[in-house]
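Here chain A shows up in two complexes: once beside chain B, once beside chain C.
On to the complex of A and B.
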């Protein structure tokens, strides 16, 4: 008994203990009241801006709500979803989305990895400088960043890109209208790469230097060290960044909206999330169709909910389950 | 010689990869101070691009009104976010209660969840709360979107505070709220500073939320203001005076760039900590 008491004392003082012994849970405890107090503002925000909108999205998607039917909205079941399936534009939007997500993701993860490997390989002071430079697009307001790309890709004699390529014999063009996907993917990629860069950098720095030194002593080349030691050791961060960015890209449309508005021409660069936004909130023809737009959004919401629960299981389950170090005051 | 090449190669590759970035941003500075540019080559020097600071730009509201709105939005939402995430994080870090597990999972799921998909439904929530087209409404939505990250980051900082200090406060008769306010908050000041810097920059930069949820001209933020000038996009690029637009863009981004120079350390802390795998 004494032993148990002493253990409790030690555990109460913390230092990494988390004894299941300590879980004392009488009905509504004093801590329960305190927790209610501390959590209620956050809970209210989550209720209003996450829970309610998720439910609303599905509810609106079951109605024919639009500018034309406002005031006499009817529930029409799954008609909006059937319309998605039957629409001749759906396959085009799907292809666009697939291209956008996969190409940008490849650039983001690949470039992030290259930047992390290079900036940790060179002198630290210079490495920090390069990482700061690559963070710049992330802290630049999206409207200004899109403006920079619009300008750089403008036709001659204004655009920087044409000025650089001109001497190489390439004819001048407005890159944003002739190669919209290339510009969108690069513009997104130069923002996205920094997330991978930061996470991979801290993962690489966490590798014990002995591993790499030992390999060098054994005569391994730089490439072999990267391939056989570094990459296997940071495969979890790589998987995490890939998973996380797939989901964010799937739902993102801000830079596309700013660069091309989904054009040029008919849905040339319209992705799923932008399509939903256009249908529900900003239709060219003024015929805003909330119900149909909500159905499009609901598909993304459903994917988002399922994927984020899966990610939680895969990436964080152990870490988050540890109880607070001390309880029961 | 061979050694020199081996040492220099990574620098060269990095420089080549980063060149587009440098060229992109160089134009902003060159374009803002010249009547016209050919690529990056200016046609002389002028300050006339900056006249929008003193005279109205078309029938738009003054850019200073937009700057004030941006400041209010970024500042207001930062304060709300700090308050709400530091209380919630304290509970998750320090209290034992029924549902703790559930709340932790919720925070993590919401962190991964692409909340931008809820834009359409949030439109209706704001209408119902009579907060559509108001600054406070947009500030609340922005708070909600960043709350999972905020709670997670603050919880990390609370977790690192030694229990002895708080224990002493509680034994001396402090309530939980007093302990939070007087003992814990001062201990996590670096965390609060980091989150504040991060949140303010995000709020200052925000485009979609004010664009969608507060369309009235009197509510325009700088992002919406500049969008109203550039909305023509690539097709109209030749008919707009891009020197003026570059100046306006620089006006908007300069505070962030200066801020970034001094607070990079804080930002990195959040980017690395908030999404660590």
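On to the complex of A and C.
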């Protein structure tokens, strides 16, 4: 309040103008305009592609919009949300989502960490090659990649996996039907682990070599150096990748769609994002329900926001942004 | 512990970091590895620590070859130039780290950490993190961590270079005293000749991976083996006058483009032995250059720059293209541009071979 009064005082004396809310002062205003100009492209993108779709989704979720009601859409309040609550499938899909996110997350972060540690502890050239190989799935188009998995896991006598396992005396099976989750988690994880691998590798390489040498002289074995020096020093990148992957896994469904389409059987591998997609855009006989699908998507956004807030709190992201995490002295 | 470095060569790819180095370090001795940056001194230290493996040669601890022994089995305490304090651990945890790795009982660890902290007067810092410490405090903690494990050998890699001038002076004396008190064999890497001279029992001067001289500070100062050591040891560095030998009656003269110096008796015999050389280099330390009124000196020079140092005055002199430095007691009666006379103290002159750089003789 005192600040506003002072500015009003300044304004009265005619040495500048001031709006209590914007607090534009002479001298600062130019900077403010420049800041706005620099921010505007990013702000525009955020508004147009993030905020607006969320608002639209929320608005659609309050209607009964569907193929059947197109043209005479009515606002029906929270009915779609009540339907989610009452649906007998909700708990199943929630469980699937939980399994999918937690298992894939564990694989992604753990495998990323293992890859980063392995490739930084072997000869540099071999490490680079190894990491480049692991990036292949990421640069392969999703459909091609999913197709490769379908072929690899196809039932005998096809399927690479069965052809390898057969001569070893192991029973061949239709992997996608018998182990749908295993295939989905691995297919996702082989792509997902490379993000952690890249970030952890650069974090490990950013650790001043003196720390490692000091630990060696102090008597640590390689494993002790990893556990007591490297892992604590790359704690923040690990947390970042965990948070980032949780959110992206919550919203991702393309490999499940391409591999099992939520099956086999009834919603066996249907996750929340896929369920929303199915309801809103790809339901049986074209019976797509935009309103209901939008409500499902809105719930996913809410879960994402809650998860973000929890991560922000638990991992103290503010601290992470404010000071360098790997300090050289 | 006695440390022997025998014919050590270390290559990184095609780069030879250390070449055919042999040093014998006695039990309890404080040895400095001195040289300009890139001379291979840190490589020697890291090889002794076991972080690098020798390409050729042997490292022996008390006579036993340790080439294949990993660092953790060498019982070495090391202080890095960056101090390398683990940022995610408190000072206590940093000091205790090497002890916990040995699975020492908790009470014993505590006793050792506290004792070492008392020795270095850092008890009140034990709960802090490295990021909250000043440079001087970090240096003490690093030294404390190295000493708490009661090592057989202490390796110090430029431990003073990150301190300000005043602290460096304090730490210098303290480390020297501590080393003598504890009697730990110590190898100290530095590029600062003053540090090496003041602290070490013996100094190994390295240049481009090759040992130049390994001797006591006094010997390096009074009997430098070659031009490199002569220039590197002593501050300000030795003056060099390159000229040819000419005979004037019974006297031998070294003659340059705009000057000539008659060689004193002490140098004459040395110079006569190498009469066939066309050129020789005369070395004289700034503290052995005397100034006189212009008509009295053997040489005449122009006063170029005057740098008062308090206790002495450092005078930069010019004879044509030749530059000399003289360290003289104040007050300094001349001003810039004046012509003064010069004498060289005949008891402190050196002759070097300009081709090999090797010392031919000294008066």
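Criterion: the second predicted complex is superposed on the first by the 253 of 329 C-alpha atoms of A that agree within 3 Å, B and C clash if a C-alpha of one lies under 4 Å from a C-alpha of the other, contacts with A are read in each partner's own complex, and residues count from 1 in each chain.
Simple rule for what comes next: contacts are C-beta pairs under 8 Å (C-beta built on N, C-alpha and C of every residue); 3 or more make two chains touch, one makes a residue touch a chain.
Everything quoted here is computed from the prediction, not taken from an experiment.
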item	value
Touched partner set for A:232, first chain B, second chain C, both or neither	second
Which of chain B and chain C A:315 touches, first, second, both or neither	first
Partner chain in contact with A:75 - chain B first, chain C second, else both or neither	neither
First (chain B), second (chain C), both or neither touched by A:248	first
Chain B versus chain C as contact partner of A:208, first or second or both or neither	second
Comparing the two partners chain B and chain C, which touches a greater set of residues in chain A	B
Chain B versus chain C as contact partner of A:220, first or second or both or neither	second
Which superposed partner A:170 touches (first chain B, second chain C, both, neither)	neither
Set of chain A residues, in rising order, touched by both chain B and chain C	326-329
Chain A partner contacts - residues on chain B that touch it in the complex	10-11, 13-14, 17-18, 20-25, 27-28, 31, 36-41, 83-85, 87-88, 90-101, 103-106, 108-125, 129, 140-141, 143-145, 147, 151, 159, 162-164, 167, 170, 176-177, 180, 201, 204-205, 207-208, 212, 222-223, 226-227, 230, 233-235, 237-238, 242, 245-246, 249, 252-253, 256-257, 260, 264, 267-268, 271-272, 275-277
For the chain A and chain B complex, residues of the former touching the latter	13-14, 23, 25, 29, 31-32, 34-39, 41-43, 45-46, 48-50, 52-54, 56-57, 60, 111, 114-115, 118-119, 121-122, 126, 130, 132-144, 146-155, 157-160, 162-164, 174, 176-177, 186, 190, 194-195, 198-199, 202, 236-237, 239-241, 244, 247-248, 250-254, 257-261, 264, 273, 276-277, 280-282, 290, 293-294, 297, 300-301, 304-305, 307-309, 311-312, 315-316, 320-321, 323-329
Residues of chain C defined as touching chain A within the complex	46, 49-51, 70-72, 74, 76-78, 80-88, 97-98, 101-102, 130-131, 138, 145, 149, 155, 162
Chain A residues within the chain C interface of the complex	208, 210-211, 213-221, 224, 228-229, 232-233, 235, 326-329
